[in-house]
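Consider the two complexes below, in which subunit A is the common component and subunit B and subunit C are the respective partners.
Right after this comes the complex of A and B.
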């Protein structure tokens, strides 16, 4: 058993571009769910819209920067369209509508009638060339030392991804520490009380949904650039709930929570994946007990267990202020 | 606990819907039905400026519905209401508050995971940083300092200074009522509507709450409140409006209302009312 190798796969995943994309998307979700109390169960749709915005624009002959602008803009627009009819309703209706909208968008995009634009089940490829043309690192050179090495291609994605994460955190922090952010938190606590104090609750919720959606759109673009492939089935509802796990793990309604939660989630997820793959292959009785496919599912069970322990012992998340998770039960 | 009324000289005929010399709120033909039940059905009602007017009535009389209609939390089927001549019925709740009529809730609504001071600052009337544009541009710190000063003064007045940095969720029931009242004042209202301010509060704190309500009138506000505690109603109201089955059945100064046969009938039934005479 090579424990070092297991640790290495966990660490590489934790600092890799995928984690940066997850963290970025979680930052958007945290603005909606953690600060505004919006139960957005369709968050993955914003990522899908962002990715397809890039893919379709570039495919139509537009430059990459325009595609990114279109993707982010389309994600914000989705927030507007989803929010106008639903944000006046109670929180649970919004939750139901958002999950349905996300699935509808995915199925429409993957349908054969949309194929001329979206590529249907084949998705969109060859849109990221401009991005990799800007890569200042040598794409095939290995960077790093010892077992912790990555290619120049991955390094470029990491630099861009984590820079975006940092910018998004600074942006959200500026908003949340302003009186505008305080109103969002007030809405999370009690909508009626906030509107009785002269605040237009609907407008604030719509703004939060759109900004959080735009950040998720950017995250979707990052994923697409990493995979160089936009496929509808990469935007399943499960992604939304993994993002919820990250936000809650790190601490909903904290500035750095989504980043910490995203990194920790990736580490647990990928290191246990590597651990059980090796255990299955090398330890006889585990190999007899589990097929390789079953061993691959253990990581989901562990994430669930971690989340349950967290809810039982630290409901405010790792970065939440102590006691915050339980105040206001009365 | 007897307090001299602000309008002892008012020689108004105690007849439902009678005109007042200087009304802050005028209600006209206000109707709200829930299915077959006509919850509020008020032909005309005026509330005198700078007085404490209590609205009483048996359970289901339509008091809370009336409150919701006046403050934009519900909309009438017909009719309207004006505040200092401006229409306030049929517009959303936040606009009612911006026009100077602020309410509290029967079941107190503090913002539990915000500190007491933050609860106050959310309500601040002037704060350019409360818009998205203002928050991004910055430059709201000056307004914040002024609001914080105002908030600390109010917390001092309501005896909550020592709790300023605690989460509001940690306050006791009575402290929540005080915070809700103080927070409403941050909006700088001209009319404050209190929905059962003493419900579920211990008797010692009731006394303190009552003094604060009187303080509101003394600082120039019009106070309207729904209350079940008749001792409180008798001691601080300048005027009492009695609702039953959605209609105004009587209004007048508190001493006269207690003797009004229509009121006794509404509360205790027709037989007892006749028996009492």
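Right after this comes the complex of A and C.
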């Protein structure tokens, strides 16, 4: 067994554009879950809406920048529509509705009746040429050294992705340190007390949901640009749970938590995947026990178990102090 | 499967690049492992290029001459969601493009057959599992002949939908009552309840499989329900009680439950596999006409058994000592505890009861549709709609809610494509939250 190769897959994944997209989406979730205490179990729907906003706009003949604006706007609008019926009620009603909405949106987009617009199960391709036309690097040249090499195409995605992550972090930090952010944290700690101070709790929660959703929409767009393919099954509920692991691992309600959690998660997730793929191929009894597809499932089992253990034993994550960021404790 | 974005050309370029950079076998293997990881993710793209299709030619013979049949609608679907629809052309040809190799269902809409033409075997209106290989243009045949089709009247169609709705509603009610009872006594919305539904159906598969124990389904259901009930009691005792004791907040508990749901679903997929399985008994039961309405015996049995079980549960809650204690704990835990009720024991019994009912609901769902590793997730939305409709924490309201949701979902197929019928549950959910969040039978209270 060559541990070097497993390490390499982990490192390449950790610095890659995929992790940037995950971290960006986690920053949005952190604003909702970590700072406002909103239990959004349908976060992936915001990413889907962002991606399809781009795909549909470009397919209809619009320019890419308009598509990105439409995607981000549509994700914020989803937050508004989802928030209005649910955010006045107890937290569990929002959790229930968010997971239901995410699943229904995916099914609608996937259905054959929506196919003329969304491409149905075939999805949307060839919408990002404008983005790659802006690439200042040579798409086919290799950058890096040794086994750690990436193409200019990936490098361009990485630069854009990580720049967006940094901007989003600075933006959220600015928000959280403003009076607006202090009210948000107060709502998380004690909604009734904040309400009795004359703050319009519902409006603050709705705004947090919409802003977090817009950031997730941008993350969805980044995913779509990377793949050059928007497919409904890429936006399954599993993504939401992975994002929760990232946010809680790094520290819910901390500025740099989603970035740290996202990078760590990607490294562990992809190196575990590589590890099991190799175990399956090289170790006889494991190879007989599991097919390659089954070995790929093990990482998902681990995601679920890690999420449970983290929430039970270290809900403040790596960066959080115990006492702060323990969402919903009262 | 969740897919982490990637794209194959990059992986290939990466491969060539690494080989050039260091011509050792190590670099090659790094590459191959990278490609292996990426290949899975790139499947939709690769499949698209191959261009699998399902198609055929519709015709029938009159005195040895082939007469093409035009204008017939054929729908291809996979796991209950439609892939595409084709209408046969003047030569009777039709074709539907597929996203990739796999198993598909092909259904001919008999109402679109021209007058005087009918299927020679009415059962062949649906081909439940047509397997398509990579790159294959698969041809399927619907044998047609001259004859008269009995037109489906609106009355019969509405009646059939009502029966289907009652059947689905009974299943939902069985599974949702437990979800609501658990919420009542512990204030936990257990997202992993869906996996109890799946587990019941899946365990029954092993007891009735011909390469398993080969029991009749009626018998196989018993150990399945008992095992899942025990599992419910186990998680109540060894997972949820310790967490409650530690003072973990309800919001954190919900995150734990969603983690549990995801882990259990992946484990079930690992062991049971990703393909749908049907029970050996009662497959393709022919419908009998009752008062002009086609009814399938197993649907009627589902409805009857469910109503009896729900009635027994209601009696249990109303009359038995532990049942009344359950309602007392749900009403006011502290008051119940101070009046001498052993709250932990009540919670324990609730877990066992809830899990057992979910398992029975799962078996019925598997009997009438098919058993899949994610069936719980598919029905979860309907469960939530039923619970919110009836009022979180109530029992009788949720039973009623289950039937309302079931009937609404089936009736919605009059307007909605059937792949989207469960979205009707979402509409109910949102309308209830906007106008009556305490539920149909719930008392007016502040829940904001």
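The criterion applied here is as follows: the second predicted complex is superposed on the first by the 307 of 330 C-alpha atoms of A that agree within 3 Å, B and C clash if a C-alpha of one lies under 4 Å from a C-alpha of the other, contacts with A are read in each partner's own complex, and residues count from 1 in each chain.
The definition used in the following text is that contacts are C-beta pairs under 8 Å (C-beta built on N, C-alpha and C of every residue); 3 or more make two chains touch, one makes a residue touch a chain.
As the structure is a computational prediction, the values presented were derived from the model and not from experiment.
Participant: Given the alignment on subunit A, is it a clash or a fit between subunit B and subunit C?
Facilitator: fit
Participant: Would you please give the vertex angle at the Cα centre of subunit A, with arms pointing to the Cα centres of subunit B and subunit C, as a multiple of 10°?
Facilitator: An angle of 90 degrees, rounded.
Participant: Please indicate which partner A:135 is in contact with in the superposed arrangement: first for subunit B, second for subunit C, both, or neither.
Facilitator: After superposition on chain A, A:135 lies in contact with neither partner.
Participant: With the two complexes superposed on chain A, say which partner A:175 touches: subunit B (first), subunit C (second), both, or neither.
Facilitator: Only subunit B is touched by A:175; subunit C is not.
Participant: Is A:185 in contact with subunit B, with subunit C, with both, or with neither (first, second, both, neither)?
Facilitator: Only subunit B is touched by A:185; subunit C is not.
Participant: Which chain, subunit B or subunit C, ends up touching more residues of subunit A in the combined arrangement?
Facilitator: The partner that reaches more residues of subunit A in the superposed model: C.
Participant: Please work out whether A:278 is in contact with subunit B alone, subunit C alone, both, or neither, and reply first, second, both or neither.
Facilitator: Second partner only.
Participant: When the two complexes are placed on top of each other via chain A, what is the minimal CA separation of subunit B and subunit C in Å?
Facilitator: 8
Participant: If I apply the document's touch criterion, which positions on subunit A are contacted by subunit B in one structure and by subunit C in the other?
Facilitator: Correct list for subunit A: 327-330.
Participant: What residues on subunit C touch subunit A, complex-wise?
Facilitator: So the residues of subunit C in touch with subunit A come to 1-7, 10, 13-14, 17-18, 21-22, 26-27, 29-30, 33-34, 36-37, 40, 44-45, 48, 75, 78, 81-85, 97, 99, 183, 189, 191, 243, 246, 248-252, 254-256, 258-267, 269-270, 274, 377, 380-381, 384-385, 387-388, 392, 417, 419-420, 422-423, 425-426, 429-430, 433-434, 437, 447-448.
Participant: Applying the document's contact rule, which stretches of subunit A touch subunit C when the two form their complex?
Facilitator: 2, 4-6, 8-9, 12-13, 17-18, 21, 37, 39, 41, 85-86, 88-93, 95-97, 99-101, 103-104, 107-108, 110-113, 115, 120-123, 125, 140, 142, 145-147, 149-151, 153-154, 223-224, 226-229, 231, 233-234, 236-239, 241-242, 244, 248, 270, 273-274, 277-278, 292-294, 296-298, 300-301, 303-308, 311-312, 315, 326-330
Participant: Can you list the residues on subunit A that touch subunit B in the complex?
Facilitator: Listed in rising order, the residues are 174-175, 178-183, 185-186, 188-190, 192-201, 207, 253, 323-324, 327-330.
Participant: In their shared complex, at which residues does subunit B touch subunit A?
Facilitator: These residues of subunit B touch subunit A: 71-73, 92-95, 97-98, 102-105, 109-114, 118-119, 121-125, 127, 129-132, 134-136, 138, 140, 144, 167-170, 183-184, 186-187.
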